[in-house]
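When the chains are written out, they are named A, B, C and D in that same order, and each has its own residue count from 1.
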Amino acid sequence: LRALRWYAPYDVRVEDVPEPRLVKDTDALVRPTLTTICGSDLHIYRGHLNIVPGNILGHEFVGVVEEVGAAVRSLSRGDRVLPSCWVADGTCWYCRHGYYTQCVNVNIFGFGPVYGESLEGALSELVRVPYADTVLSKLPDDVTDDKAVLVSDTLPAGFAAVQEGGVKAGDMVAVVGAGAVGLLAGLCAKLLGAGEVIVVDVLPERLEMARSLGFMPIDASLADAAEQVRSLTDGRGADVVVEAVGGEQPLLTAIDLARKKGTISVAGFHIHEYTLPAGQLWLTEKRLIFCIGDPIKYRRELIEHIRAGRLDPSRMITHRLRLEEAPKAFEMADRKQGIRVALTP
Amino acid sequence: LRALRWYAPYDVRVEDVPEPRLVKDTDALVRPTLTTICGSDLHIYRGHLNIVPGNILGHEFVGVVEEVGAAVRSLSRGDRVLPSCWVADGTCWYCRHGYYTQCVNVNIFGFGPVYGESLEGALSELVRVPYADTVLSKLPDDVTDDKAVLVSDTLPAGFAAVQEGGVKAGDMVAVVGAGAVGLLAGLCAKLLGAGEVIVVDVLPERLEMARSLGFMPIDASLADAAEQVRSLTDGRGADVVVEAVGGEQPLLTAIDLARKKGTISVAGFHIHEYTLPAGQLWLTEKRLIFCIGDPIKYRRELIEHIRAGRLDPSRMITHRLRLEEAPKAFEMADRKQGIRVALTP
Amino acid sequence: LRALRWYAPYDVRVEDVPEPRLVKDTDALVRPTLTTICGSDLHIYRGHLNIVPGNILGHEFVGVVEEVGAAVRSLSRGDRVLPSCWVADGTCWYCRHGYYTQCVNVNIFGFGPVYGESLEGALSELVRVPYADTVLSKLPDDVTDDKAVLVSDTLPAGFAAVQEGGVKAGDMVAVVGAGAVGLLAGLCAKLLGAGEVIVVDVLPERLEMARSLGFMPIDASLADAAEQVRSLTDGRGADVVVEAVGGEQPLLTAIDLARKKGTISVAGFHIHEYTLPAGQLWLTEKRLIFCIGDPIKYRRELIEHIRAGRLDPSRMITHRLRLEEAPKAFEMADRKQGIRVALTP
Amino acid sequence: LRALRWYAPYDVRVEDVPEPRLVKDTDALVRPTLTTICGSDLHIYRGHLNIVPGNILGHEFVGVVEEVGAAVRSLSRGDRVLPSCWVADGTCWYCRHGYYTQCVNVNIFGFGPVYGESLEGALSELVRVPYADTVLSKLPDDVTDDKAVLVSDTLPAGFAAVQEGGVKAGDMVAVVGAGAVGLLAGLCAKLLGAGEVIVVDVLPERLEMARSLGFMPIDASLADAAEQVRSLTDGRGADVVVEAVGGEQPLLTAIDLARKKGTISVAGFHIHEYTLPAGQLWLTEKRLIFCIGDPIKYRRELIEHIRAGRLDPSRMITHRLRLEEAPKAFEMADRKQGIRVALTP
């Protein structure tokens, strides 16, 4: 069985690994048919998170059920499935209230023991899926792997950012970061009726991608983004801002881009403490909505939008390689080549 | 004409002052009949804000119209009126969208030139009110000064905190700070159907006041408040937390008290930058709602609740003095004697 | 095995019946521990619905699992369970969207073949439950049968009426009909922050019950209810009206009681066509929300309210008999003695 | 002064009329620059409403202020203004709560004494406008008369239908009637993110208009509309249906088109009582939202959508004539030629 293991910063290798097995009777084994490299994989790749050397990476994927535990009710061998990258037990208080990403047994594929139990990832020929009835959902035949794969992580992240951020018809929405989360947040904002969507980045090809999707690109290396956004809104700023990069500076930029009484949806990856302008936030009454998306909560309606042709997340997949080339794929993603690299077995 | 002027930290004096006059034809002159000392007055008293020596303090008041400018449509001499402590022009983009506290011409009575135009306060026998048609609303005869006065600032602050914080039936609400904003936020939370309301403070008499209003008091000097709140909620924390003190530590406590996917409504007074746990906020997907209340937006429904007997903000008024005794009143408020000191002419 | 069978209008008999068996592997068998006679049972009793003679009645109940089919995942023999009176498959488009009462395979216990497949009721020592994983939920130990039983039908009906009717803090709510649905709708309205709750009926003991629950009773036999409601609201009418009787006249009364731009939640039992004042409804812009409650959707939060002491539906149970006395119980319910008759095996 | 007067069914004449004067100091006189013939004008034209012979018709218009009463604050001679066809006092309970169409002093231009005080219409060279500060709003220079005129009645009607009907991203929306209200409701549905919009009518040119606006036309004369809508939704029906014709049969069709738990927004003109399938509505839990639009409430955001290019109601204006030709214009409108006839002085 072949899989991609992380050993040290920038050191990942495709190797033979032991075959995963069912551990609990609520587990399933899934054979990934398409796996992508997501932004948070890069945090691991670069050594920002404490995962254990040898752990298999990969958490955004679709696949086919190979085997199910005795207690799995909704799935059978051979089913095409859409996993949630977030593992949730489906029964705790948070799950019962629809907050699956805050499950008391939460985990993410490929994050080693970051969340307690060590969980191997999906850049592998076979992956063990806990709480399969909750984590996996059957994929309709008419939704291709390309269209479905980002529903396991990135698309719900972008959707949650604008949905929980309260985007409504005619809103001016600004997105900081033209990566996959940011661009998909922009598409979801349009779906919710947003008026103008502005996308701020510094990479020319990403800004071009933003333009091709119908957004107004702003090159933050050439001009002050907040000033430009304000000049488009009689000096006010955006109604809703999606922070889709992570880190202190993008968050401060996002706060700056929002109008008074505006909302900042924080979808980027954050680990540290930052010095935030609390006094300014209070005087201008802004709202900071931290949200990481929730595939289990949002996948049903997102798949409906995809089937109806209202959303096409496959446009984010700009490169394709085989699992054996995964180290090269990580190098490309690390250098921000394209938007998303997808890997087939 | 007698009024209370601020000269330096802890130095306020009741003096003869020149009579205010109508400056624009949208102004009115109001004779205050009851004025209170609010928490933000204390920030000025202590020298935390750059107001100009000699400025008249006071912004939470009710009164009677003495004179109106030629363009004032809705008011006449003799009308009992409820002012908003926040002055707003009623016509800018923010006002038209119902965000009066973010008016481009915003100001607060008694805040000297903090907001541009210098505006004298209501601890005076007569006060000039700009944009009178927007700032003032007529007071129904059956609502006493005592019941109405806090609607000009503090009650809308408490109400906005729970309303914009999304409190719903059965929610566990925690309030940090048993001052007037916090206690009124608690009463408003109950009005919205909150299940349990927990109030955290360290002063015994304020905790006793919280208990007498039907809340569960937690003495933060005796125990870890977050631990106690979590022990009441199977380890989770409060659904909505109202920060009603101001400053870094109360905000950090409020963040800590909220459950994952919970909301922190920041109603306290904030001026500075703080180091906030962005990584933790993101992982636990909390929402930070900064809101300062909005008397113009909320006064109609709050007056309805008061008339119907569903809210009684007059319970906050624990001490009464005359305007001539205002310096003594500031000393009492500074020492946190009681909840609210009210002054009559 | 003893059970209550319907034979003809007003002719019900407790008899020996064949033991129910599991038919599908998603079925469970449940031993009822408490069953009530609900208003819709009376429609059957009186012959308003086409059920087949010999059918066992009863659909509002709690019980203990006796046996589960091979595919039932969430339950085991011995579990105390709260059923939904509405049977739903949990997988169709409606169920996936949270509209369980509109499931394409919907059915109700004891409604014979009204909904296609014949389904026996719970006034029996043992009852077959289809789609057990969806229809049944485990009951926490600290919620007694008395408190839980109405969550299987009546309490969600009352809750849906006010929740889907949009009751908010301070609303004046009027309820037509002081039966169990109406009284529980009133309690739920209070839970959502309603200001005044008015209850209209003609039976003195029911009006007295309304008064004892904190509502304002109006005896429609003595006065024009709409006029009285309007006199309490400066001539306007109620913000939200719950129609909780069924039939044309109560619906017309409910429409009349609502203010312009108000909402009528229709929770009563309706079978026929009525002549409705469409022109009047349009001119006054009223909203008619037909809703029958949804135990599967609402039971989790309702049980939470009950455990927290915020709702006590057991107050509706005014009489208790044994299953063998069920014919007598029907006679009592038919004569509107008390609010709810509950039967133990 | 020339104006169009109604004398009897199908008998309207352009005549010299006395010049209107200010009656109250809150009145204004407005010189219409563009007036349209709306569907409700046709009801008067045909004699369905009891207006007084000699009354001047016309209520959907834009114009220029000629004179203002002494108490009018927000307007001056020469201002371009957008009136609301609904006259409201701006101060009663309904107005204060944002329900201007239910004002206790409500009236409509050109409806003679239908609403109490007789009010002349806008098919005139000069028209008196009561409560000018509430009824009129200034029109931005960059919004042409063509784009603005329908905001005084028809566009808010279409917008309210989908907004108050709760249309959300991806919804299947069906519209009964491809007149101006229906087509604008369709455009507003798209603005709110609706997935598919289906428009049902029988007139080929109106169906073609629907197609050209991006909707799916269904010719109800050729096929069963409800069956077709269901065939597009796996047998369910539309999520939200807008009834935009008026009368019993269109309302029954709209009810039929909605899925279970779906919403019918009734925007058509209704005067009579109808026999409605209450039993069926209850079993399928549909929601009937009667709403007539509210220009005062919605004009600000609608003008923003128009300025931003997200809505263009001027596409409804298919014919243009002079005021002197108004009788001919009524004949055309009566024969349903085009969508909207507009008249200039």
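Operating definition for what follows: contacts are C-beta pairs under 8 Å (C-beta built on N, C-alpha and C of every residue); 3 or more make two chains touch, one makes a residue touch a chain.
Source: prediction; values computed, not measured.
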Among the remaining chains, which ones contact both chain C and chain D? A, B
Chain pair with more C-beta contacts, B-C versus A-C: B-C
Over-half contact-pair match to A-B, picked out of the listed pairs B-D, C-D or A-D: C-D
Distance from the CA centroid of chain B to that of chain C, rounded to the nearest Å? 44
Hey, what residues on chain D touch two or more of the other chains? none
Hey, which residues of chain B end up touching chain A in the complex? 93-94, 99, 101-102, 234, 236, 248, 251, 260-261, 266, 268-292
Residue positions on chain D within touch of chain B in the complex are 71, 73, 96, 133, 300
Can you check the complex and tell me which residues of chain C touch chain B? 169-170, 191-193, 195-196, 301, 304-305, 308, 310
